[in-house]
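Sharing a structure with you now.
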Amino acid sequence: MNQPLLSVKNLTIDYIGDETDFRAVDNVSFDVAPGEVFGLAGESGCGKSTIAFAISRLHRPPALIRTGSEILLDSREVLDLNPQELAAFRWREVAMVFQSAMNSLNPVLRVEAQFYDVLKTHLGMTKAQARERTAEMLKLVDINPDRMRDYPHQFSGGMRQRIVIAICLALGPKMVVMDEPTTALDVVVQREILQRINELRKKLGFSVLFITHDLGLMVQFCDRIGIMLGGKLVEQNTAQAIYRTPQHDYTKKLWASFPSLHGGVLA
Amino acid sequence: MSETILALDDATKTFGHGAATVYAARNISIALKAGRALALVGESGSGKTTCARMAMLEYLPNAGRVLFKGQPMQDAAAKEIASYRRSVQMIFQDPFASLNPAQTIAYHLKRPLQLHRPEIGKAEITATIRELLQRVKLDPDIIAPKYPHELSGGQRQRVNIARALAVKPEVIVADEPTSMLDVSVRLGVLNLLNDMKREMNLAMLYITHDIATARFVAEDIAVMYAGQIVEWGATSEVIDNPQHPYTRLLLSAVPNPDMRFEDGGSDMQPDHVDAVRSLSARTDGDLIEVTPRHFARVTAKA
Amino acid sequence: MKTLLRNRKALVGLAIIATIAILAIAAPLLTEYNPATRTGRPHQAPSMDHILGTTRIGQDVFARVLYGARTSLMVGFGAGLLITLVGTVLGIVAGYRGGKTDEVISFFTNMVLVVPNLPLLLVLAAFIGQASPVVIALILGATSWAWGARVTRAETLSVKQKDFVKSAEMMGERQWRIMAFEIFPNVISIVGINFIGSVIFAIITQATLEFLGLGDPRAISWGNMLFAAQKASALSVGAWWEILTPCFALAFLGIGMSLLNFAVDEIANPRLRTGNRLGRWSLLVRNGEGRL
Amino acid sequence: QTVLTANIEPATTWVRNFNPFNQTSARQSTLDFMYEPLIVFNRFDDNKPVYRLAESFTLADDLKSIDFKLRKDLKWSDGKPLTAADVKFTYDYIKKFPALDFVSIWTFITGVEAVDGQTVRFTLKEPSSIAAEQLSQLPIVPEHIWKDIADPVTFANENPVASGALTEIPRFTGQTYDQCRNPNYWDAASLKVDCLRFPQLADNNQILTATADGTLDWGVSFIPDIENVYVAKDPEHYHFWYSPSSMVAFLFNLETANENNKKAFNDLKFRQAMSMALDRATMIDIAGYGYPTLNEDPGLMGELYKSWADEKVAADLGKFGKYDAEAAKALLDEAGYADKDGDGFRENPDGTKLSFSIVVPSSWTDWVDTVNIAIEGMQAAGVDAKIETPEEAVWTSNLISGKFDAAINSLPASASPYYPYKRAFSVADKGKTRFTAQRWFNPELEALVVEFTHTADPAKQKEAMAKAQRIVAENMPMIPVFNNPNWYQYNTKRFTGWSTEENPFVNPSISRTNPARILHLLALKPAG
Amino acid sequence: MAFLFRRLAFYLAAFLAAATINFFLPRLMPGDPIQLMFSSAGAELPPESLEALKLTFGFVDGPLWQQYLTYLGSIFTGDLGRSIKYFPLPVTSVLGHALIWTLVLMGTATIISFILGTWLGVMAAWKRGSRFDVIVSVSAIFATSVPAVVTSLIVLFVFGFTLDWFPNGYAADPSLDPAFTLQYISSVAYHGVLPMVTLCTVLIGGFTVTMRNNMINLLGEDYIVMARAKGLSDRRVMLWYAARNALLPTVSSLAIAIGTILGGSLVTEVVFNYPGLGNVLYQAILARDYPVIQGQLLIMTATMLVANFIVDVSYVLLDPRLKAA
């Protein structure tokens, strides 16, 4: 493998409690190559989102990234960035789609304003320039640019999700973190969106860190997959290997719990 | 063929009025039979829950009937409703929300017994509760005194099932019973439902958006879109030989690890999807029996 | 309850209230003076004989403040209970029953909410004339339930949506049982907040009414102490002990109740809880054991 | 310009109302200062008449009519002449508008006529020796102004045309107003003060502040601990003098609805015992800061009407007016009041329960304290007395309607005991004023009171009063405890000539109830 | 829009109901103003003049329903009768005058404490757990829990009496005439300091706490996290995303707070002898000045209704989600 884009090393994250701490991520290491889709799977609460947050350094107290953890993006230590560098780093280099994209748009701001925010902060665009760029991005995700003056609640869930993705791609980031971007959507919409992302990825060449608990979907979409259990990364391999020849018991168990469309149970 | 226990007959339910009328369910006819499960699948907002609620008499259809053993239930007397309540039980989607956080598991199981099986004496209640918990493979000594938040999602859903079974129902309505559960425990719950259905000869309405689990649980399947049933028939028949474009679209969108996006898994064209949607949303046309006991809605080409 | 005791704010609040309650109960042991009678010369400054001095006509301020605590606590908790009871019942019934019942109750609730409370109470107290603490508690109960009813109703509406209520309905549970056993236990934190808030409100309002001379001056209470002190121009003649003592007593009790209020708030809404962990977090960061 | 700052009435804001007929809402500086009385009777100088608008009066021998002769060349403040026609107009006017007749003068007179430009004659309903005093209470208003006023009842008279010393209002705000010299005042030569200034003071605290910092020259307020709070601030200039004023007394409702209590209340021995149970010295000392004057006279004369007191009455019955706890108990024992059921309190001789409350307005704290001390004494004597503190308005209406057991009450000060007796013991007033609250009436006494007004001979008057006070003292319908002080503080920094304890030439109060305040004002002159 | 109409209908109904209570309440109070005046007017008023007084104040008793109808009519014509205590001023002018001062005092105090309290709440929530947060939260608790009576008395004692920095009463120096002069306005400001400080202390805690709690709840929202992920400056996230949205519920609490404010200002006005509505009401109650009490309650209720309505409207305007509904 050539030089990885993202390299997470020995990442350990605790949630500090009143008396005891909770280790949400335990010594996790993985790499994501440029243009690659890396999937993180595991059951609820195993620490997937915690990792995603750490990459953009979005954690707030009481989350604590333990000393010794490293997150390198393009060989730059993300954890050492100062506030200005961090501000510039966020969204330009790593953008993020959240678990509930439905709620990640500010309900009282027009869509346009939420684009403008990013474009102005990072590229210093004027309103007019930003509008142009917004239209461009919306077209990319199949949303009529005329609707940019609408408020989020006027869009359906799938549309909102696509808007978030459009905002994500507005600056052409090197990496997009997607934290269960489609859980709330039905399969048809889910499929539509993932296909769109796949196309864009091919066109724009960003890497994706893809988080979901749907293993079937993950195998379809990802190049490599990491399986998490209780904060630990228990298995990491190419998608096909995870599918065909799971090594860890937990991975096997996961597959065993999927009823398939055509047989009894998968695997 | 086993007897039909509960049926919706040409039931329609609307919300709002005037221009804002939403047809949550339109001319729905379904029949639940003893020992068989009917799966309702379809995208979010297609009216699945509405059907379930009508079946539960939570609200009455604006048009059409709810038939319980052939008896229309819309204007049944309170007494009949009470016996209906005892015969038709529901399992909810969210195992967190469907148990009262302020009451113990034992309480949850005790209430239906007290309400609907007065023949069970005080002393026997505890024994019955133990029995119920054991049946859903939970350890009564550990689980009964606990509060819902002390249980895992899978355990909670089992408690829900036990509660539904407590009154010895004839019909179970399960609205997405596993969608909130972790993948690893899903199958266990589905297996349990399957077993119960067989052992107790229950009629079951199984609602899901996951066609794969529908196949696992249900003998029959009905596909809904925008408040209408677009296709229904035996599960294997519908999945292997889909007739309606929306059913096909739905099947093609189901994640399939055997098909990488690169390998042609990404063949859903937006134009095609839109076309299917607008076609499926049309309200003209009828359910036509395509092959024996396999119906699909046929709409005249525009 | 355990969570309550683990909360530092709650602990301090409870300690304050307990202290006041104990002082009030043990009043006869702590002072030999009768709070109602003259036991010394007028306006004696605090001394060994009269720890907090004497009032204008020579009553012992310390004795009065101790016995006055009984009144404040009694009115506070009595009225608080009443307000909460009415508010909770109306709130749950309106929220759960919906429809006409809700419309009627909500109309009254909103109406009571838009009539300014203190002025109304003032008029009511004047109307009743020489409102004794018990009467004040009663009129507070009758006029101040609206806020509680409103929040309880709102909370009931959200609890009502929960599947477990649906489930109970489909099981054929009676309405009152659903309200009492399914809904009530789940709005208990709101009821708790309402209760503590009402107690604070009742204590403050009683003191205010009495301070304005609308209470029964025979009652031994903090509000009356303020009223008497103000009447005797205690500030102008430099008898600060007469006016500051009830002031601080009221403030102290208010703070205790408020702390409890905030604690219950935090327990009901864990997001608000800060607790110990942020301190521990900062410590760990300072020790270089981690960062963000 | 010399401006004298005074405080007459507490108020939260001044309302510009100088309608002299309005007794409740007009500014209290309206009468006397703005509308000159016909005559002022100086209570502090043997009730001698001081002639103001009138230069003399003549009472007919049969006491059935009275003539007032006005001074020559009197003028209204707008320069128009003031004549007997104005006086006649005024009395006819208030007959037409009974709402203006605040002393019900038309129940006292039957007619008024202007004999000539300077003389008016009133005919009286009954012979009265005090007609001049009665008739001097009402203001005289200018006909040329008032005849055009459609609704004199609500008329606020914002820019008064009047006859008194200070008629001009150059400045009036909600928080202060000035009342200045009448350009046409007949007695301008005597008036050395150009303006009176009245700052609005809402409560004791504010009054106290304004008094203590020397803002006020002339004050009539209760100041607690005055030696320290006021005098000590500037002993050279700040003074006070508290002369006796209205009498404060306890009373029992002889017609109370409570039958058991009624028995005791109607028992003279019970009333006398209760009187002896009252520790008046402590009341004065504690409740009154030592300011009131002791009143132990069962005949109600006290310090105030000392000159009218009959020493024999005091000698015979005086002991019932004095605090004597043991004697009180002994008298109760003797009368048969004993604690038969062992609850610690005495019952009626027939064994029925005796228990009553003394009502007192809640906001009158000094009285509340007084009642508390009274109750201590009564309870010590074994009588179950309690306190009840309704609001002032309720207290008043209960006293008037007789819905109470026992009360504390006051009788205003006056020139002679005639007024208190008339106020308190006229059966015609029953249920109309709070002064008859005790509901004790005695035809013999009433006859004596009438007799008093039917003679102008001081000796006969004194004799009537002596008889009257013996009846009162024997029956003890009221239990006097003290006389309220006549609150009065004065500041000699800017003005001198004050009425003082050493030179008490006039009632020093500036309040509306004292018409002699105009005399006081005329005596003041700028200091230095 | 339909929503607003419904509210409007409710407000009208509420107003009528409140007006009815207003009518009956004072009439049920024991003791009447005439007797009260009569008793305090002293001895020289003979009992006969009681009738004269009743005439003066128009206390001629018609049947109750007739009085009620007249009263309802008078509400809509704005003629609330004449005050008894401030006779013969019409109630409207008594209240109008007081209203100005209450607006000066309450308005300023509300604005100051709303802005300051909101700002403190925002900062405290943002710096969650910091020393700033601890200090602000604790002081807010203290401020909210101390009754207005106590606060005003202590403030008066410390700054009015002991230190003597500020006047103990009045709305302005009585020796100045009301005018738009610098001198008069600064005198108003100087006299307003203590009551203002008191009111602000009473009010600010509530605003701070509400805002802090709202903020904390909001800070967990996905769109806030997303705003941070977008690389926006902290300031912008705090103000444009969090504070703005957190303000919405605060605005609605403001309407309810008006009631508290009225109550708090009543006590403050009484303690500081400030010539505002609260003080007038208090005096009117003591004097049984029914017309003023009635007018006063009416005004207060109307104020509350208008405030609520403004909040309703602004809520709809501020929150696009509600526009659709």
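Letters A, B, C, D and E name the chains as they come in the text, with residue numbers starting at 1 for each one.
As a working rule, a contact is a pair of C-beta atoms (placed from the backbone, for glycine too) under 8 Å apart; a residue touches a chain by one contact, two chains touch by 3 or more.
Here's who's who by UniProt: A, B = Peptide/nickel transport system ATP-binding protein; C, E = Peptide/nickel transport system permease protein.
Only a predicted model underlies this, so the values are computations on that prediction, with no experimental measurement involved.
The chains that touch both chain A and chain D are C, E. The chains in contact with chain C and with chain E alike are A, D. Taking each chain's centre as the mean of its C-alpha atoms, the one that lies farthest from the centre of chain B is D. More contacting C-beta pairs link the chains of D-E than the other of the two pairs A-E and D-E.
Here the spacing of chain A and chain C, counted between their Cα centres, is 49 Å.
Centre-to-centre, using mean CA coordinates, chain B is 56 Å away from chain E. Chain B and chain D, compared by their mean Cα positions, are separated by 91 Å. Multi-chain contact residues of chain C (touching two or more other chains) are listed as 126, 129, 213-214, 230, 235-236, 278, 281-282. Residues of chain D in contact with two or more other chains: 205, 209, 363, 390-391, 394.
Taken residue by residue, chain A touches two or more other chains at 60-61, whereas all remaining positions touch fewer.
Contact between chains, as defined at the top, is found for A-B, A-C, A-E, B-C, C-D, C-E, D-E.
For chain E in complex with chain D, the residues that touch the partner chain are 30-33, 35-53, 55-56, 82, 84-89, 97, 168-172, 174-175, 177-178, 273, 275, 279-280, 283, 286, 288.
Those residues of chain D whose C-beta lies close enough to touch chain C in the complex are 204-205, 208-209, 212, 224-225, 228-229, 286-287, 289, 362-363, 365, 368-369, 372-373, 376, 387-391, 394.
Interface of chain A with chain B (complex): residues 43-44, 142, 157, 185-192, 194-195, 198-199, 213-217, 219-221, 239, 243, 253-254, 256-262, 264-266. Touching chain E in their complex are the following residues of chain D: 12-13, 15, 17, 19, 22-25, 98-104, 107, 137, 153-156, 171, 173-176, 199-200, 202-203, 205-206, 209, 246, 363, 390-397, 400, 411-412, 414, 419, 423, 429, 432-435, 512-513. Of all the residues in chain C, the ones that touch chain B in their complex are 162-164, 166-173, 181-182, 185-186, 188.
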